[in-house]
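Letters A, B, C and D mark the chains as written, and numbering starts fresh at 1 in each.
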Amino acid sequence: MAEALTLDAFARWLKQFAETVHDNVGLLTDLDSAIGDADHGTNMDRGFKAVVSVLDGNGFESPDALFKKVGMTLVSTVGGASGPLYGTFFLRFGSALQGVEAVGTQELGKALRAGVEGIVTRGKAELEDKTMYDAWAPALEAFDRAAPEGTAAALAAAATAAGEGRDATTDMLARKGRASYLGERSIGHQDPGATSATMLLESAAATLA
Amino acid sequence: MKKLINDPADVVKEALRGMEAAHPGHLRVDHDHAIIYRKDAPRQGKVALISGGGSGHEPLHGGFVGTGMLDAACAGEVFTSPVPDQMMEATKQVDGGAGVLHIVKNYTGDVMNFEMAAEMAAADSGIEVQSVVTDDDVAVQDSLYTAGRRGVGITVLLEKIVGAAAEEGRPLQEIADLATRINSQGRSMGMALTSCTVPSAGKATFDLADNEMEVGIGIHGEPGRKRLPLASAKDVASLLVDPVVADLPYGKGDSVIAFVNGMGGTPLIELYVMYNEVAQILEQAGITVARSLVGNYITSLDMAGCSVTLLKVDDELVGLWDAPVNTPGLRWGC
Amino acid sequence: MKKLINDPADVVKEALRGMEAAHPGHLRVDHDHAIIYRKDAPRQGKVALISGGGSGHEPLHGGFVGTGMLDAACAGEVFTSPVPDQMMEATKQVDGGAGVLHIVKNYTGDVMNFEMAAEMAAADSGIEVQSVVTDDDVAVQDSLYTAGRRGVGITVLLEKIVGAAAEEGRPLQEIADLATRINSQGRSMGMALTSCTVPSAGKATFDLADNEMEVGIGIHGEPGRKRLPLASAKDVASLLVDPVVADLPYGKGDSVIAFVNGMGGTPLIELYVMYNEVAQILEQAGITVARSLVGNYITSLDMAGCSVTLLKVDDELVGLWDAPVNTPGLRWGC
Amino acid sequence: MAEALTLDAFARWLKQFAETVHDNVGLLTDLDSAIGDADHGTNMDRGFKAVVSVLDGNGFESPDALFKKVGMTLVSTVGGASGPLYGTFFLRFGSALQGVEAVGTQELGKALRAGVEGIVTRGKAELEDKTMYDAWAPALEAFDRAAPEGTAAALAAAATAAGEGRDATTDMLARKGRASYLGERSIGHQDPGATSATMLLESAAATLA
C-alpha cells in the first residue's frame, strides 16, 4: 500500500487546483456565459485564491482541520451556487477524515464520497441534471473500482471518469441550476461546474499520488 | 467593454462606497461584510427585513433599504449570491427582538446561501428567522424536478408591501404569510434587446444580432427561452403580458399593481411607450390597474430590455403599497 | 436600431400616453399640444413654472411636473425644441394670476421658440412672463459671438429649488432672480461611452470605437469637444469635475449640491462608482457636499455616459432643496 | 419683363421643395448627425408636409396671406432652430408682399431680403458663423445682380450662389447653433441648414420662372 497522504500533499493539491482554476478563468466563465451568468470562473478563482492564502497563513494540526477551514473559506468567499456546493464538499470531506490517523486510498475514497453526498444534500441534483454531480458520480465509482490498485490509480481513474461525465453533460438538458432556465437550449453546452469538478480531480491525481 | 468603472474586481465595493456617500442620512454600510443598513437599525419590536443577492440589479436591493422597506441588504459580487456570513451578520445586527424575514430570490445559489445562513443563525444566536423565496418568472417552467422559477420583479413589490406591514408592527408569522401571499399573486416576464456585460467577464454574455431579441430572459444576463425577430413595443407587450395574465390567471375584474421595469440600459421614454401598450392590453382584458410603477428598479447591469410584473391586489395590499417609504430607490409619503 | 418603440414618428406621443396612464393621480396631459400639466393647475396666486424642450431627456421635463416643481412641461419631438404654440397654451393654462416663469435650456432652437411664445403671450393675453435661460455646460466656450453654453444638469436642480420657492408663494420677480442666481452658481460637464440613437434617424448619431469615449458632450447626442481613449472611473471623474470646479470657481469651504447624472443607458451601479470618485475629489478640494443626487435625470435617449453638476448652495437653497416635492421623477417629503 | 408670379406658382415652389426635402431627409439628417443632433431632415420634412396639407386644404386670397400661413405653419410644427428661422423667413416674406399687386422680379427680391433679415433678427447669425445665413447672404446678392435679366435668371443665380455659400460652410468653424459646441471639430462638415436653404432656392429657380 502507498504512503499515507500528508498535509503537505493536500496543500499541494489545493494550490495546484487554484492555479488550474486561475489559468482557466476564461474557459469556465465562457462556459457559464453560454448557459448561465458568466461568473463561474471568477467565483472559483476568488474562492481558491482565498484558500491559498489561508493555506499559506496557517499551520494545520490535521487534514480534517485543514479541509474544514477550506470549506468554510469557500462558503465565505465564493457565493453563488458553487460556493455552498464546493464549501459543503470540503466541510464533509474534512469531517470524514476526523480522527483518521493515516489517509490511505480507502479513507480518501470515503472522504470523497462524503463530500459528494454533501453536494447532493445541498443541491438536490440527480444524475443527468447537467450539474457538477454528473462528473462526481462516475468519478466516485471509478475510484472505488480502481482503489485496490492504490491511490494513484484510483485518482487517475476518477479523473478520467469525471472527464467523461463532464463531456456527457454537453448533450444533457439542464434541470438544475441556472442552465435549467434555458430548457432545450441548454443542450449542446458543457456544464461549467462539471468542468471545474473534473479539474479538481485531475489536480488530485497529479498531486496526491 | 465600456463601463464607468475602475478595476472590475472593485465595482461592488466602490459602488457601496458611492451609495454610502450619496445617502449619508439614510444608510449605513458595513464594507467588510458588504451590507447596507437602514441608519436606524435595529428597530426594537419591529420585524426586520433582510434581502440580498448578487449585485448588478441596482437599485435592488441596497436601494430599497430604509423606512418602510428593508432593514438590510447583503450585496454579493456581480450576479453572485452573497455568502452566508453576510446574511448571518445582517440578521444579528437588525434583529429588534421580533425576528427577521429573509427575502430570497429563487436561484440555486441564493437559496443555498440563505439556507446556510438561516441554519447558522438559528444555531448561533437563537434569532427567529423565516424566509420567503420569490419565484414569479413565468418564462421558466415550474416543476418539482427543476430549479423552479426565477425570482424577479415581484421581489420589488414584495419588499415594499411587506416592509410597510413590518413598519406597522405586525408579528413575524403574519409578515412571512403576507410575503408568501404576495409572491403567489405575482407573475413576471422579461425580454432583452441586448445582452449585459459582466465587468469581470469583460464581454457580452450572449450575442444578439441587430434584428433579434431574447424573450424570457432573467436578470443575470442568462439567455432567454427563445430568440425572436425584433418586434414593435405593441408586440413585445403582448409577448410579455399574455403569458403573465394566463399563468395565474388574472381575469376580468381583478385589480393589479402593474410594474413595467427597465433592465438598466433602457431609457424611461421607452418604458413609458411600453407602459402605454401594457395598460391598453390590461384594459381590454378588464383588469384594473390600481397602482403602477414604471422605471429601472430590478436591472441586469447595462442590459437593454424590460419586464412586466403584475401583482393581484386587494385593498389591504394597496393600502400597504401607499404607505410611506423612504429609500434611495422608492420614496413617497415621507 | 434596437428600441422598445412602435413607429419612430409616434414615440413622443405614445410616451406621453404612457406617462398619463402611469400617473393618473398626479398628471394631466393635453395630447393635442403635447403638454404635461400638474393635475391641480392652475394654482391661484402661485407663480407658475413652465419648462420644456426636446423629448429624449426623460424624466426631464415631464417627469418633474407636480407639487413643488413644474406646473407644466411642453414636450417637443425628440431633441427638437417645442413650438411656441405649446408654450403659449401652457402659459395660459397654468397662470394663476401671479405670472409665469419659463425655464429654458440654452439652445438656439429652444431660446427662439420660447422667445416667440413669450412675445405672443404678452401680446395675446397680458400674462406676465419671465424667462430664465440655463447655460451651465463648461464644455462649451462662452462668448458673446457664439450660441453660448448649453443648459444641462443645472436645469434639474433649478426646477426643484425654484419650484419650492414658488410653492412658498414668492412673487414672480423674486422667483426669476432666484432662478438666475441658481444658474449662475451651477456648472456641469458630461461625457459619453456610446452615442445615442435618434429614433427617426435610426442609427447612432456618432460612432465611437470600443476603446474611445467622447468628453464634453451635451444631451442631444451631439459629439463632444474631444475624443479620448477610454479611461477609468477615477480619471473620468477628474476630467469632469476639474473643469467644473475651476470654472466658477468652487473653492475650499464652499457647500454644494453634487449631482451625478446618467445619460439614460448607464446603470445605477456605475453612477454610484462615479459618485464615489466625485465625492473624493470634492473632499480633497475642501468642498462640502450638502446634498447629492445620483441617477438618470437628464438623459440623452439610450446614451451611455454621465455628467457631473455642482451647484454652490447656502442655507436658503438647501432648505428649498429639502422642501417637499411630488413628481414622477423626484419625490420626497410628501 | 416676365409675367407676375401667381399663387399657383408659389404653391408649386413650396410643394416642389417639400418633395425635395422629403427625398433628402437622410442627407439632411446625416449632415446634422455630424455636427448637430440628427434631426434637421425630419424637422424640415415634418414642417413642409404640414405646409403642403395647408396648401391643399385652403384657398388663399393673396401671396402675402399664403406665405404668412406657411410661416405660421412652420413655426407651429417644426420646432428646433429651423422652425423659428424658416417660419420667420416666410412670415417676413409674406409681409413684404402685402399690398403688392403683381410680384415681379423686384418684389420677389425685396421679399427674399425681408425674409433673410427676419432670419438674422431671430438668429443673430453673422457671415461665416456656418449657418444657413451663409447660403442666404450670397444668394441675395446674386439675385440682385442678375435681377435686370428677369426672375428666372435672378433665381438661377441666387441658387448657384447659395450652393457656393453652402459649400463654403464646410471649412468654417461654427459659431452659432449646435455645431458651435464642437468648436474646431465643426470644421470639415457642411452645414445642414445652408443645405436646405440652397434646396429652397433651387426649387424656386425650378418653379418660379
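One rule holds in what follows: a residue touches a chain if its C-beta (ideal position, glycine included) is under 8 Å from a C-beta of that chain, and two chains touch if they have at least 3 such contacts.
All values derive from a computational prediction rather than experimental measurement.
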item	value
Chain B and chain C, separation of their C-alpha mean positions in angstrom	29
Gap in Å, rounded to a whole number, between the CA centres of chain B and chain A	32
Chain B and chain D: spacing of chain centres that average the CA atoms, whole Å	54
Residues of chain D touching at least two other chains	none
Touch-based graph of the chains, sorted into line, ring, star, complete or other	line
Full enumeration of touching chain pairs	A-B, B-C, C-D
Touching residues (chain side chain C, partner chain B) in the complex	2-6, 11-12, 14-19, 21-23, 55-56, 58-59, 63, 193-194, 210, 213, 230, 232-234, 236, 260, 264-276, 279, 289, 292, 294, 296, 299, 301-302, 304-306, 326, 331-334
In the complex, chain C residues that touch chain D	54, 76-85, 107-109, 112-113, 115-116, 139-141, 145-147, 150, 198, 200-201, 205-206, 218, 220-223, 225-226
Touch list for chain A against partner chain B, complex	29, 33-39, 42-43, 46, 75-85, 122-123, 126, 175-178, 180-183, 185
